[in-house]
Amino acid sequence: MKILVVNSNITPSVTDRIGAAARAVASPGTDIEAVTAPFGLPLIVTRADWLVAGPATLAALQARCGTYDAAVIACFGDPGLDAAKELIEVPVLGISEAAFHAAAMLGRRFGVVSFTAALRPMFEECLAHHGLTARCTGFRMGPAFAGDPGKVAEERLELLAGLCAESVEQDGAEAVILAGGPLAGIAPLLQPRVAVPLVDGTQAAVRLAEAMAGLVPRSPRPRRPRTLTGFPPEVASAYAG
Amino acid sequence: MKILVVNSNITPSVTDRIGAAARAVASPGTDIEAVTAPFGLPLIVTRADWLVAGPATLAALQARCGTYDAAVIACFGDPGLDAAKELIEVPVLGISEAAFHAAAMLGRRFGVVSFTAALRPMFEECLAHHGLTARCTGFRMGPAFAGDPGKVAEERLELLAGLCAESVEQDGAEAVILAGGPLAGIAPLLQPRVAVPLVDGTQAAVRLAEAMAGLVPRSPRPRRPRTLTGFPPEVASAYAG
Amino acid sequence: MKILVVNSNITPSVTDRIGAAARAVASPGTDIEAVTAPFGLPLIVTRADWLVAGPATLAALQARCGTYDAAVIACFGDPGLDAAKELIEVPVLGISEAAFHAAAMLGRRFGVVSFTAALRPMFEECLAHHGLTARCTGFRMGPAFAGDPGKVAEERLELLAGLCAESVEQDGAEAVILAGGPLAGIAPLLQPRVAVPLVDGTQAAVRLAEAMAGLVPRSPRPRRPRTLTGFPPEVASAYAG
Amino acid sequence: MKILVVNSNITPSVTDRIGAAARAVASPGTDIEAVTAPFGLPLIVTRADWLVAGPATLAALQARCGTYDAAVIACFGDPGLDAAKELIEVPVLGISEAAFHAAAMLGRRFGVVSFTAALRPMFEECLAHHGLTARCTGFRMGPAFAGDPGKVAEERLELLAGLCAESVEQDGAEAVILAGGPLAGIAPLLQPRVAVPLVDGTQAAVRLAEAMAGLVPRSPRPRRPRTLTGFPPEVASAYAG
Amino acid sequence: MKILVVNSNITPSVTDRIGAAARAVASPGTDIEAVTAPFGLPLIVTRADWLVAGPATLAALQARCGTYDAAVIACFGDPGLDAAKELIEVPVLGISEAAFHAAAMLGRRFGVVSFTAALRPMFEECLAHHGLTARCTGFRMGPAFAGDPGKVAEERLELLAGLCAESVEQDGAEAVILAGGPLAGIAPLLQPRVAVPLVDGTQAAVRLAEAMAGLVPRSPRPRRPRTLTGFPPEVASAYAG
Amino acid sequence: MKILVVNSNITPSVTDRIGAAARAVASPGTDIEAVTAPFGLPLIVTRADWLVAGPATLAALQARCGTYDAAVIACFGDPGLDAAKELIEVPVLGISEAAFHAAAMLGRRFGVVSFTAALRPMFEECLAHHGLTARCTGFRMGPAFAGDPGKVAEERLELLAGLCAESVEQDGAEAVILAGGPLAGIAPLLQPRVAVPLVDGTQAAVRLAEAMAGLVPRSPRPRRPRTLTGFPPEVASAYAG
């Protein structure tokens, strides 16, 4: 089985990190191909970023079309997810979608922890979009962060351990999602200090994509060919039928 | 005051019809400029269409940036709305957003009527996104429609009158939204046969955009310049700072 | 166009302040008439107060009936609003209703700030009644206040600026409603210190009333004349048909 | 123990019927006093009616103040309920409030049946106000009714039996509320034909009022005396402290 | 009238305390029989405990079947409640169910106070199951408690008074539920220090059970006899028809 | 990897059918062991049945404890699920839980189809318990069924195909769950006639159990040994520590 993992931004070092996290949990026999969005922005933070990351993600999915059994959109907020589910013949999962569903199956109620409160509105919205707000005990997030995202996991490790403890002890979380791209891969560092399962979105998405890939037949959605202008050819090809 | 009204698809005849509907309700002293998306698709129907209509709509908003006091995204589903609210310094409203808020202010509970059930999932999702699901009495929609969208309003006028009556009499709607692009402008034809106010999204959006334009100062959102690749220059300019 | 603005309590100095706030945002060509409830209580605070403020507000609306194009009930909690929407032929908006809808159109999620926690239950209830609870990031309110309501805005300005900052930074509010009668008109003082739009209920209501006035035809609701006893003649006349 | 039952309209024959229904379920040792609102309207149907019925109900409660251990507001929609809970020292229950709570305790999910769809919006709103929407399987109501309300129960008995059956068999209701004043007292006629408990609002309210009366101490709410103008003396006295 | 009160754990001293609390509020003429679960666990804390407490509670209800007019399951979390409502011909109420409904009738919004945050998830879940989440102002709970449950009420009395005050003053609670078995019976100690009614679940349940007992006819649910293996005979007899 | 699949009733032929359905979708290298509950009832239909099926399911899980990597509770309604998640060191999934999550990942909104309306209340409750009500387009169910459950899938195949079509065309479902034990395994028969993916709970659960098994470390929950009386030894052993 092959899973395509798409980094929705254009920074290859992030793609490498995502690919490593994905391979760490893939089943024997599963091949992971991690790709970088062919255009777009170096980092996806705001709703405006999310808007352009959608077609960029679709371009990456479309470019490899037919070569994978399931795909993962590895960007919190799941840009392009609903369109991809409509256009791509195999299962496509977002890492926030996967984190919410996996956490809900691992604990009756789950908390969300991240390093900065700036991400909270987007996470809340994303959680509401996936319909699982009632399963969430709430958000525990650190203060504004102006440093290097690549180092935040290490710099704020103590803070994160504390936020996880609050989520478990005060809010009653029975699983905790570590949310936000810069926290990918740090679950193993924190898990020994947290009494409940920690969920990494990318890793949850890979395992759930394997599950979905085997479950339903590829069902080509009815589609009428149309001409799309103004976008790179990979995007236009998704609409060409 | 000037209101920019953006048709999110690339069909100029639709822009003309939208512009006429907008001018019919604009206040004295309000100038309406109706523009067509500079690229994209001829018609926006699916979630996949909505994905690419977002950047296309943003391009149109950005191309006239600084020349208008408020803007309306005249495409049901409000493509690009959240990003536009973030990037554009003046109020931007979507026609579904406006229809829901206006209907809620005109009646305690409102119904949604359209010519085909195919649009229901998207309308429900859009309603949920705007948080007004509890104010809605439900959807009344006709069967699948395979004809010319430009003629559906006339061909299904009797059907629509019947659906409005059901919405009012059986569901208890106190205002009814006529949803879907092809129904724009037909409210005056139906209103004499319906006991409660009928809401046209484009017209509601123009009036509410006028209201919002005067209410808050232009507050340039904090923004860091970034290079966006793969999109036409109008889109990239919105991210360039 | 003429907008009637009703102060639901019987204190004329409050009416003057409300009228000034209304005129400050009215469009050119809009005439504001601010009137005082003809009977009732000097201040509306509790649910019991709200009960009697309803017929008092209706009396004021009915006394000027036929002379205005839209009306605003300028009392947080919107006493008499649902009945007025039923009985009055032109659009009637409440200031809390207007604040919630305007804030929702200005920001994806809005906060509510007020000077005392004593008002929280009523605001929460009012928000739920208008169906927009999911759009709200929460309430930030000061401790109990026993001083002169006319001076609270000035005395607690620093406190309010701090609460607005918490609402924006910790809760993620993208617009903030300044709630409660005594805060009317202070938005301009606070706006320079707050990073997102501040919403004043009275001013939002005036702008939205202008918008609604032009949008739908006056539709006289079907009514059967009835004799109402025990109320002043202005109220009884609303039921006399 | 004495329970005051207030008919919120001014029609004494309705008071008689309500009193009889109340006495039929009162416990031994409970004295029922049924009173008519001292002013107001002969029938409460619309939201506008509900507005004036509130102070009229409060007047009746206040006129007997100190002579009863609990009170029931016997008008669907519960006019004046929230204010009465605030002003009256003993428990006050509305018949819709009581019907919803009793039905929820008798069955996991309850249906609401009434003779005309015209009442649906108000019942839905009332249900939402009491927060029990999620416990309700939905409404089953007959077509518009233009006849004599006093005879509707008999004329539409077959219809009602059918609606109850639909509520149980198709919606899965495990208890059914017979809603609307004109259906008071007909539960015994229908019960033999319905497989689940039928709930009569007035009777549920009497039993629950007995329960609440013994449960908590009379706790005089803190109150500051105020002068209320424009209302009959019974109402004003409630605010006089 | 006779009310059976079932202690779902096997500790007789707890049964004695529950019985005393029940008798303190029972109406004249009501006989309270308090019984201990015939098997199970000495204390019910977790969801796993709740699982086995359900059949144990049913066994106690079934053992006295036919001798009581209504029953109360006196264990927070209401183990076995939904099954008992299905199998037992007379009304059965849980103490958390009763606390939520009583509090909702006593105040527009109610708070929940308990001595340890460890109970929060279960209470939240139970509240959601009964559908009254929207009526609750939130939970105020103390830190983890490792001492003797029998002494926690006394040891943490000051803490509890403070939590009640926060619930009323900061959250706006108009009634407060004292939740958790070890707090049964302490309402009278705290009530003088709290400005709103305090609700004890066991006592609320007894009063509401009296109310329900008189309201509906015993309606033997349709049942087909079945052989249940692996459970003590009292449980099996409930399925034997 | 080994997955234990528990049939919560005591009918071995049902276990065989469940085992076959599970093996049909298990990944290469996954071993399925299907077991029958060691005691209980031959069929689980009502809430009362569900109560006793919980400990019976736990007994089956506990009897094989330590021999499997994940487990599936193969009974719609998921008896014992919350307790099993608490007591068992490896992931345990219910088939309704799995069906809801899988359907939500396969389509933006999913419908639920079953052969008889009698099951609706339980499915709705179960859906609400898992928090995914907002993702569901509604239930489409046939009339009461009194025949042989083992033959209902064949006898009502046409009916089911029609219900699926209604769910897709009228309700807008993008995935459909075939709910209820007797429909297990019929998805392949119906899939060619349905335009969206059909979800079989048992099969979804097996695939998701594989996914969860690899995702988190076995984390022995803190547990204090306790003596449980009145249950068979397998159940008691789960509490013995």
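Order of writing sets the chain letters: A, B, C, D, E and F. Residues in each chain are counted from 1.
Note that in this section contacts are C-beta pairs under 8 Å (C-beta built on N, C-alpha and C of every residue); 3 or more make two chains touch, one makes a residue touch a chain.
The shown structure was predicted, so the numbers you read here are calculated from the model rather than taken from an experiment.
Novice: Between subunit C and subunit F, which partner chains are common?
Specialist: Touches both subunit C and subunit F: A, B, D, E.
Novice: Do the two copies subunit B and subunit C share over half of their interface residue numbers, or under half; same or different?
Specialist: same
Novice: Tell me, please, which chain's centre (mean of its C-alpha atoms) is farthest from the centre of subunit C?
Specialist: Between subunit C and the rest, the longest centre separation is with F.
Novice: What's the distance between the Cα centroids of subunit A and subunit E, rounded to whole Å?
Specialist: Distance between chain centres, rounded to whole Å: 43 Å.
Novice: Cα centroid separation between subunit B and subunit E, in whole Å?
Specialist: Computed value for the inter-centroid distance: 51 Å.
Novice: Quick one: which residues in subunit B touch 2 or more of the other chains?
Specialist: 47, 82, 85, 108, 134
Novice: Sort out which chains touch which and give me every pair.
Specialist: The list of touching pairs comes to A-B, A-C, A-E, A-F, B-C, B-D, B-F, C-D, C-E, D-E, D-F, E-F.
Novice: Report the residues of subunit A in contact with subunit F in the complex, numbered from low to high.
Specialist: Touching subunit F from subunit A are residues 25, 27-29, 82, 85, 91, 93, 97-98, 101-102, 104-108, 130-135, 191, 195-199, 203-204, 207-208, 210-212, 214-217, 219, 222.
Novice: Under the stated contact criterion, what part of subunit E meets subunit C in this complex?
Specialist: 108-109, 134, 137, 169-172, 174
Novice: If we count contacts the way the header does, which residues on subunit F are in touch with subunit D in the complex?
Specialist: 47, 117-118, 120-121, 124-125, 128, 144
Novice: Contact residues on subunit B for subunit A in the complex?
Specialist: Touching subunit A from subunit B are residues 10, 38-42, 46-48, 50-52, 54-56, 58-59, 80, 82-83, 85-87, 129, 226-232, 235, 238-239.
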